[in-house]
Every structure is written in C-alpha cells, then in structure tokens.
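Here subunit A shows up in two complexes: once beside subunit B, once beside subunit C.
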Partner chain A sequence: MAKTYDYLFKLLLIGDSGVGKTCVLFRFSEDAFNSTFISTIGIDFKIRTIDMDGKKIKLQIWDTAGQERFRTITTAYYRGAMGIMLVYDITNEKSFDNIKNWIRNIEENASADVEKMLLGNKCELEDRRAVSKERGEQLAIEYGIKFMEISAKNSINVEEAFFTLARDIRTKTEKKLEASNPSKGNHQLKATEPSKKQPNWLQRCSLI
Partner chain B sequence: MNSPERETMQVPGQPSVGVELFSQNGVVMRNQASRSNEDVCPGTLRIVQYSSGKCFEWHPAVSVSSEEGDWAVVSKNDSNSDDTISFDVTRIKEYRVHPKNKRKIVFTLRDPREIYGAVFQTDSVDSLVAYIRQFYRTRRSTRDHHTYKIIEERTERTIQKSFCDLEFDFTRGKSSNPADSVRRLIRDFRQKPIQTALESAAKIADLYRYENGALSSETPEILSHSEESVSIADEYQIVSPTIKLPPREILSRGNPLSYEQWLQFHDAQGRITNSELVKKIIYQGGISSKLRADVWKYLLGYLPWEATTAEQIEIRNSKEKEYNRMKLQWQMVTPAQEARFSDFRDRKSLIEKDVNRCDRSLDFYAGENNSNLKSLHNILMTYIMYNFDLGYVQGMSDLLAPILFIMNNEVDAFWCFSAFMDKVASNFDVDQAGSKRQLLHLHELLSVMDPKFAEYLKNLEPGYLFCFRWLLVIFKREFSYDDTMTIWEAFWTGIPGPNFHLFVGLAILDTEKSAIMDSHSNFAETLKHINELAMKIDVNSTLSKADAIYRQLLAAEVSLPDPIRTILGLEPLQKEPNPLSDSESDAEDAPNSSPGHCNNGLSQSFNDDQFDIDTAIMLNYM
Partner chain C sequence: MENTEEFDVKPLISDGQNKGSVRCALCNSLILNPGMGEYRSEETALPNMRKRKDAECEEEEEPLSDFWFVRNVYTFENVGISKAKEGKKYLTCADCEIGPIGWCTLANDDCYVAIKRVKNIVSS
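On to the complex of A and B.
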C-alpha cells in the first residue's frame, strides 16, 4: 500500500476529568465543537494528517479517561507516545494544581524524552477564570515545556498547539536521525529509546 | 437445562415424593412402538429421584395463555394419567441421539413394546445426555455409533475395571493381550503418573479424532480449531485437542413481555406468581417499553416478586424515607464543612461534571435547567452517602441515566440503580481489578469458542483493553437507549449465570471476527474498529448469538475446565488445584462416586467414553 505520509507521530492527551480533552481533540480532528459530549470511557484516538514544510505528518492522537480511578488503564498508553499534551481548565483551580501529578505520571510511565506541552483550555470563559495566564506560564517554565491557552469551543490556538508539538517532535527526531545516520534522505529511523520495553502495539511507534 | 434439586409434586403412578434432578420444558414425547398417530403436545421431561431409584417422567403441559404465540404459561395437566409417560431408568436398554438433529433422542427400553422418542423444542438434548452420563456408565454401540447402551449406575469402581471398558486398544502394537496392556499401564501410572496419563490421553484423543468421522462431517468448524499448545504444570508442553463444542444453534428472539402476560402473572393480592417464567420471557424477548418501570423493580430486586400490593406500598414508603434521609445528609453539609472535606468535594465536582455531559442529546436530559439533570445529580450524590467506600466513579452516570429515564422518579431510580450497582460493583474497583478480571474471562471464553481468534486478539493486546468500555457500562455506549435496556434486562434475569455480558461480548467479537482479522493488524486499528461499532450493532441478532454461544458452551459442560465452568456459573469439577501432579495413588484407587467429583481427572477419562477425554487434558490449562 502506498504510504500517504512521511512521519507518524503518536500523541496523548491527559489531564483531569472534564477539562475538555475530547473537545480539544474533536476541534483539531474535525474542526467542530459539540457541547453534548459524554465522558470518555477507556481510550480512543483520532487521526489527522498535517502538512509541514512539504512533509506529511500523520498524527495519531490518543484521548484518555481523566478520572484517577482509571489510571491503571490509561498509563498503559503513555509508553510509546512521542508527545503529550497536559490539559487543564482555566476555570478550575484543582485541574491546574493536578498538573504536577500528571507530570509525575509521565515521569513514571512515559519515555524519558517525550515532548510535553501545557494547555489551559476554556480560555473563552474569561469571567469564570480561576487560573491566571501568568501562573500557567510560570508552571511551564518550571517544567521547561511550552504553554498555550486555548479554546476548543471558540477554536483559539488549538491548531497552533498541535502544530507546535508536532514541530518539536519532528525537530527532535530529525536531530536524532542525523546523529545516528549521517547519510541524508533516509528516514528509516527508530524514534524510540531502547531502554524501555514497549507494549507490542506501540513497538511500531516510529517514523515510517 | 439442569435445575437445582427440589421437591417435586406427586405424579401418577409414583406414590412417593421424589426429588427432581433434571427438568426440561418444551419436550414432545411419545411411545413410538405403540404407533399412535395422535398429536402430542409439548410437555415437561423430568428425572426424579425416588427412594426406589431414578425415574424418567414426562407429562404434557396445558397452555393457559398463548395469545402471544411464542410463549405460554405452563401448568400441570389435570392428571390424565393416560398422557403421562413414566419409566425407571434401569429399564432403559439404550438411547440414540439423532445424528443430524441434536434435539431428538430415542430411548429403547428392555421391553420391546416401549420405544420412547423425545423431541426438545428449544434446546439440544446435550444437557440430558450429559446428565445421563454423569450418573450412568454408557458404552457406544458397535452397531451404531449414535447409540449408547446404559451399562450401570455409577458407584464405587476401580480403575482396572474402567480400563477394561475401553473400547479401543490404546496400547496398539505393543501387546495382543489386553490384560497385559492394562497391567503395564497401571505400572506406568505408579512410576511416572503424569507422563503416562498424558501419553494415554493423547493416544485416546488421537484415536478419537481419527476414527470419529461422523463428528467431523457435522462440525467441521469446530474441528478446524487445531491443536493448541498448552502447558500443564510448567514442565509439560503437550499438544491438546481443543474442547469440542456442539454446533451452535441460534434461536430467534421471542416477543417482549406484554401487558396482558404481565397481568396474568399477578395473583389477586398482587404477587407475581411465576417469576421464573417471567424472567425466561424477558431473557428471550425483553420487556415492552411501557412495562419497564414496573417490571424492572422486581427484576432488580427492589421489590420482591412475592410481595402483595399492600407490602409493596409498605416497602416503597420505607425506601422513600431511607432515600430522603440519605439525601438530607449531603444536603446538610455546610460550605465550611465542605471546605474541610476534600473527598466529598472531589466526588461532588466529578458528579457535577458528568451530570452536565450525560446523554444531553436525549430529549429527556437536553436543555438548560433540566429538572432530570437535577434528579440525576441528587441520586448520584445520595449514592455516595449510601456507598461511602465506592463514592462516584465515571461510568456510574451511564448506568443510572437509562434507569432514571424509565422510572422518572428519584426514589425508585435510586434503589433500582443501587441494585444494578450491586451486580457490577467490581467494575469500579480502585485498581480496576474487576474490569481486568472480566476482560481475562472474555479471553478465556473465546479461547474455548475460537482459540485462533483468541490467540490473535491476545497478541494484539493481552489485556483485551479494546473491550474495556463494553464491560464497564454493560454496552451502554454501544447501543441506543432502547437496545441497551434490552441487553440489561437479559443480563438482570441472571438466567445464563452472572456473566451474560461476556457472552454478548463474545457474540459481537464473533460477528466482527473476519473484519478484525482480515483488515486490522494492530491494536490501534482494532480498537478503532471496535469503538466505531457503537450504534451500528444489531441488538436482536447479537442477543440471539450470545444465548446460542452460552448454550453451546453449556452443552459441553463436562468437558470444560473449571475456570470456564466457574464463569458459566457452574460448580467446579475439581476441588484440588493441580490434580495431575498428585501421587500415584490417584491412578489406582480413584473411588469415583461420580465424575462430578472425580479427584484426578484421569480415571474419568479412562472409564468413560471419549466425551470426557478432553477433561483430563484441559484440566487446569489456564
């Protein structure tokens, strides 16, 4: 079968229940918003192929249940993810405070070099804001990751956020590629670190 | 279907009171030797234990309510003894199961004037045959491979005798004297019990599969489930045949329980007279939608079937008081208390989030300031006061929403919901242990039904996580409200044991098998395929298939390993964890009072016919 993309990146959305992970994903994959969404049970993913500097990048974005209770199920999906979006709700202080727990989860379960990004969703609800933009920025600096406030509902910065994460992953993998294989034009590289064993369904999580 | 032992009523010609050991409705039976051409109506076939021995009894049923066509309330005939059939089991010379139609069986008695043919209208005769074999030693006729002679009732036996009963020479080529073979086998059992057992079992299994052409022509699909390697006791890697299941027989769904039928089940005081039949009708056809609010209360155990109208009112009043008391408890929590009670706060916040996004596309829950959302919220908040240990877990709102939709009343919905939660509580374990266990059971069942497919799925994802959502909310996300309710109703009857939802899962997997195996080679694609089945699955064919798979496994009951028996809701055969590693004494002494209590698995396979052979091999294979 003919390849329809140059790169395949697996991304993951995590964050407290109700911060809008599914809506962010729906906005990015379908460019739509649906206020009647129901809570996510288990896991699901969506695909969108984007065009970046002439290369087709297929993004496989995994959506997970947010409740603590399902962590034993969802952490299985951390491994093999090349980029993780940490999402909180700017109207919900607790969801912001919990970001540190989600970061710890990443440290315990994901690849060490996974690209991360912090997203403050629901930024259209300015009158209900509980977490200032500065606090978001400060936390991102603390963890050395990028940050954006977004709105799935009003389609603010969602596109930009995913492109930014995808670009960072691409830069990182191409750097790795050059380091390990000086001959140009060969994209047959493994983007995974060998030290951690992956579940077999993610073993092909590599650049194709 | 086997029914629990219970006292049966007196029947004509049998003055003493007996214990019913087996009962099957919908059986047409007549004496073929009498050449009577009268139409015979269906009735009930029973095996009854009297002090004098076991007795086969059949008597016709009279239908008192057959308006719905498919379903009839069955009651005992007015004792017209001419219509009943009764004979002592010891009078049976042989029986023959029809080679093409597994619902027909003929009993030939020692008196040539009595040849009784029985046709089971709904089930195969396998459960009856399994029963007979459990209590009687049988031997396949040399004239006709479908005929079995009844040798004797199972009592204390020795293994030597059992060996002599074997019909084929499993020590072929070694000795022409059967007695020598038996002696050598017993010696081997003493010296190297496991190896000898496995070798012998393998020979028998090979012979069976090689020589039994009749079976292969009837069940090619089953035999095509080739050998799978299974390890026993770590050190033995044996090639075992898979469990042979009878052909799957799919019955079409019945009609939903109708208002007229429901009325007829009420006695003058408002008690439900035949709850078992009600459940059977519901299991096979569901409940007509306008009756759901009423019937669910019984089905879920909120109201006892035997409660009179007056008692129901009393129960309802006391439950209402209890509900309001618990509701008041969380309503009384002050903001200052809440600020110092993080667990309560977290639960409350989670409930608010989920209530706000629960089935909002449905009219019942749509729009702002919807009072039904308020009820949903109240019930879930009250539930966390009722069940502090569990609290609120996502998925619970899915289980409640259809119940509230039907009850349209907080108190009734709360108690029905909490009864439902009692049935599925393990789904919401902190560590997801309950969910994981059920997913494992799904794999174990599929391994019996379709080993290749099970292996395929296991290689994709050992934990079967692609089916997680199905089981967590009992298919609520996969079907429309109406269809979900039909599935839940079948599940709540408890008729196919406690795990009917697993059979629904097996049915869907079976339907999707080729789509999954042919085009989805990895976990992600398979998950996508399964997630995208939502709202596209036909509920009736799925339930029919789930039921057929259940009966198919049940018919092979005696050859199923204990883990599978347990999932089916049957008693395990083995009490000890690993009988094959037991000492040599097993091989010789084995005082089997019945194979149901066979204590080493080997004697069973050697003293019965091939139907039991797989048991020895499959024991503890999980």
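On to the complex of A and C.
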C-alpha cells in the first residue's frame, strides 16, 4: 500500500499538571465525551493530519499523562521526539516559573536539535491573568524559541501553534536532508535568516 | 449508543473498501479517508461507549461484527490511541475522545474500526 503521508513528526506536550495540556488536544472541548472506559485506561497518543503546501503531515502527539507530577519525565518518553510544546497557564505564575525546569529536563533527556515552542494557555481568563504576555515573549526570546498565547477552551491559536511547530520541524528536516545530500553540489548548511537572538540555535547548528 | 437492529453494510463498501469517508458520529471529526479501510467481518466485543457520569460499576461489552481494517495508525487522518489493556489498545475520536470506536494491536499496526460506531459518509 502506498504511503499515505509525506512527513511524520513526533510531538510532545510538556508542562505542569493543570495547565490544560490534555485540553490542547481537544478541538472542541465542550464536546468532550468523557467515556468511562477510555478515561480509565487513558490515551497514549493522538494522530492528527495537517496539510502544508500540498504536503500531508502526520503529527503523532503525546501527552505526559500525569508523569509530570513527579517533576521529571523519563528519557523513554523523549525518544524520537522532534518537537515539544512547553505549556504554562497564564493564570498560574508557578507553572510559568517551572518552564525553566522543564527546559532543563528537555536538555538533559531529549535530542539536542528538538524544536521547541512556548505556549501560554487559558488566555481567555484575562481577569485572572498572573503572567503578562511580555514575560512570555521575553522568556521565549531568551531560549530562542517561538511563543504564542492560546486558549484551548475557545480554540484560539491552537491549530496555528501546531502548524507553526510542524513548519519549523519540516524546514529543519529539509535543511538536514539537503546538507546530507551531496548530489546537490557543495551545499553547506548555513543560516538563511540572520539569527539575532538565538544562542540555542547556534549551539544546535554546531552539532549538525 | 446501543443498537441491536441489523444494519446493512453493503452500501458502505466499494471494492472491499470504505466507499466514503469515516467521521466521528458525535463531533464529525474526520477519522479515515475513502478507500483507506478494508471491510472485515469478524466477531469482536468492545466495551460500551458510556459516559463517565452515567457509568455503572460493571463494564459491559457489545458484540460487533463489521469492521474497517486499517493497516497502521498513521493511515488515519485523526484518531486517538489508548494505553494498552489486556493485549489491546483502543481507538477514540481525536477531537471529542468518544470511544472505543475500535481497537488495534500493541504495535499500532493492525487497526479495526467498528463500522456501527462511526458515521460512514456515502454520497450517491
């Protein structure tokens, strides 16, 4: 049977418990069925298909499913991950502070060139906001990653976030392919965009 | 969701495969594109699709006999895969998590979607 997709990317959702990681995976949270049997055994992962410039991209998305309560996530979970969504709750300062710890955990366990993105969830709760958008942006800049505020509840920016992460992984994958394909001439891997504020990116480049 | 009446699967099949797309019966999420599942008739019981709030203690199963066989989980457009229980994993809608709508093997390869538990879109 012919392959039914062009790319398959494994993505992880990481962040403190209660930030709404599981909800990020519902498209319409109002409709969540909450099946007895399924809730009891738990979801392992989800497959989502997106179309990008006519290419079919399959996303295999894993939720930590409670492992985060132990403040650490095992290396096995990170294996093969190409992208990570770091999620905090804009109404919960602690979940934002902990992003630093999660990034350390990722650096210790995940592949060095895993693509990361920072998401501030529950942006519909403006009156309970504890973390300003600017602080989110600032932290993202510090780590050289992208940032978005989302509302899983109101489906704001959720699909855009997955699309953005998938696009960045695809770009990186294609660059790697080009670099390892000598038939295309003496092509050297170089940054096509001037990288201003991205110490992490430079580190990763030197590993390729 | 209990449905004891006989239902005719023939109009849903074309060349042994699903003629139309397969969608979630509750939220309409696209599960499988046309022609991606093979019709299989076999007896398998699946746990009921009951909501947590009206659950009873005992877990009931429903015998089912018509399935779309799908070669691996990556063939689906959108789907949720449960953790393993007694040598099986179960399929859910990726969007509203209604389920089980089918089951798959531990290696995520052979998947079976219960035809009665999904919406089969056939435009004539």
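To be clear about the criterion, the second predicted complex is superposed on the first by the 155 of 208 C-alpha atoms of A that agree within 3 Å, B and C clash if a C-alpha of one lies under 4 Å from a C-alpha of the other, contacts with A are read in each partner's own complex, and residues count from 1 in each chain.
Operating definition for what follows: a contact is a pair of C-beta atoms (placed from the backbone, for glycine too) under 8 Å apart; a residue touches a chain by one contact, two chains touch by 3 or more.
Remember, it's a predicted structure, so these values are computed and weren't measured experimentally.
In the superposed pair of complexes, A:Phe26 makes contact with subunit C only, with no contact to subunit B.
Contacts of A:Lys94 after superposition on the shared chain: subunit B is touched, whereas subunit C is not. By the touch criterion defined above, A:Ala76 lies against subunit B but remains apart from subunit C after alignment on the C-alpha atoms of chain A. By the touch criterion defined above, A:Ile38 lies against subunit B and subunit C together after alignment on the C-alpha atoms of chain A. In the overlay built on the shared chain, the residue A:Gly18 is in contact with subunit B alone; subunit C does not reach it.
Applying the stated touch rule to the two superposed structures, the overlap between the subunit B and subunit C interfaces on subunit A comprises residues 35-39, 41-45, 60, 65. By the touch rule above, subunit A contacts subunit C in their complex via residues 1, 4-5, 8, 25-28, 31-39, 41-49, 58, 60, 65.
Residues 17-18, 35-39, 41-45, 60, 65-67, 69-70, 72-73, 76, 94, 199-202, 204 of subunit A are the ones that touch subunit B when the two sit in their complex.
The touching residues of subunit C, when paired with subunit A in their complex, are 26-27, 29, 33, 36, 47-53, 55, 59, 71, 73-85, 89-90, 92-100.
By the touch criterion given at the top, residues 346, 349-350, 353-354, 357-361, 366, 393-395, 397-398, 428, 430-432, 435, 459-461, 463, 465, 468-469, 472-473, 477, 522-524, 527-528, 531 of subunit B touch subunit A in their complex.
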